[in-house]
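Order of writing sets the chain letters: A, B, C and D. Residues in each chain are counted from 1.
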């Protein structure tokens, strides 16, 4: 049996936190999972020859496919049902929240910081923006 | 069936997010819930007469008891099993994380901002500090 | 002679940072200073007797006057010309930025965090909001 | 004559803000300026051919030189004395603060967000980290 600590302060947000945990408690297993990775558009340098830019774009696409493949394998090995994957390009937080809206998910789960982050002091800016933009609860994991 | 969107980027944090969702999927209902409210120690003013300070402290305690009572009623009405409540005083984020450690909870759930927050632009500083300090996943709810 | 390090990245913000330093370099001494302290409205507790609330409000006003007096003394001892003080109540960041607009100041200076802050990990939320809301450069001091 | 608004709250940080403004007021013009740009190490992709990587690295270096040149021209046109430029690679905030320490500067000035930032809601993470790490006052400019 999972144990949750819910912090309350009389605010509507705190009451909604209770509601989100209650939704988890009511849901019959198993959960359905969609995985998303947002690839960065390669940074444009005026001085970069066109053939190097094409090779860079190809490498970014290959890397994104590999990241999603490895994540799907890990999710399935953990007993999760992966119903789909998404591979947009653009601004990470906006694309994650857009996909959450499109798919009508109940929660977004993500790491507190990703590969690009350079320190451990601050909540990653992608996580911060997703929490700000998302309509659904966000589960932040270290 | 609940649907989760998990954002991945090849980092260990993202893999841990998958693991946290898998733990939810594996857990048999129902969840056990502990509610916590951290009361502020009343601000000390050199000029405040002792009797006024006593009345202030009493009002803070009464308010905390009411907040916890109302939250427990809401949680039970939502179908949750509330196994305990906690009412420490001190710094909100530190006390929430200390209770999470003591209790060995699997997740902390909380609003993104509480009553004291004055804007909607920023992730509340209590939520930010809990995410920073907590060893377990934190579910942030609007 | 003061030495400044200006970080640049080709953005308009960086060019504006150069402009702000150039404005300092061009200005003839002395600087004019306005001091501001924003007092919190006392938190309202339903259970607090009216006489205790009145004593609390009086203590808050006395404390604000003392804070401004001590700051003005320190500023003058440091050789600054203090042309005025401001003592609004309300939300700290909004009142600071409103006063900056009214007065047409060239810069806002403030500590990175104040008395109410409970840790040293994060930029204080008041400072964060002032930087977000202010139209003029903000000098953050530890 | 420049006008400053200094926000005070009885804390040592606020008193230091007064001290930083007083240091500006006492300093005889002109100011000395060092410009710094930190180039990102190109992201490594396993799939990127070596020749494309070399072209990418060359483009990054060319861009950094151009950014510093344009900033120096703008600073001099604004009447500032640029005594040096710095062009490290690495993590932006760490390199900026390291240079500030090496050079013994009195202030760091920078934009609140740079080219890489994708929104206007949050203080840029580079600015946030510089404020956190720096020993000297940081002037944040929009």
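Quick note on the criterion: a residue touches a chain if its C-beta (ideal position, glycine included) is under 8 Å from a C-beta of that chain, and two chains touch if they have at least 3 such contacts.
A quick map from chain label to UniProt name: A, B, C, D = UspA domain-containing protein.
What you see is a predicted model; the values in this text were computed from it and never measured.
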Among all other chains, pick the one whose mean CA position is farthest from the mean CA position of chain D.
-> B
Copies chain B and chain A - interface residue numbers shared by over half, same or different = same
Whole-Å gap separating chain B and chain C, where each centre is the average of the chain's CA atoms = 31
Rounded to the nearest Å, the gap between Cα centres of chain C and chain D is 22
Just give me the whole-number Å value for how far the CA centre of chain A lies from that of chain C.
-> 37
Could you check chain A for residues that touch two or more other chains and list them?
-> 63, 121-122, 128, 132
Give every residue of chain A touching chain B within the complex, in rising order.
-> 1-38, 63, 66-68, 70-71, 74-75, 78-80, 83, 92, 96, 99-100, 103-116, 121-123, 126, 128, 130-132, 134-135, 137-142
Could you please specify the touching residues of chain C with respect to chain B in the complex?
-> 45-49, 51-52, 55-56, 58-60, 62-63, 91, 93-94, 118-119, 121-122, 125, 128-129, 132
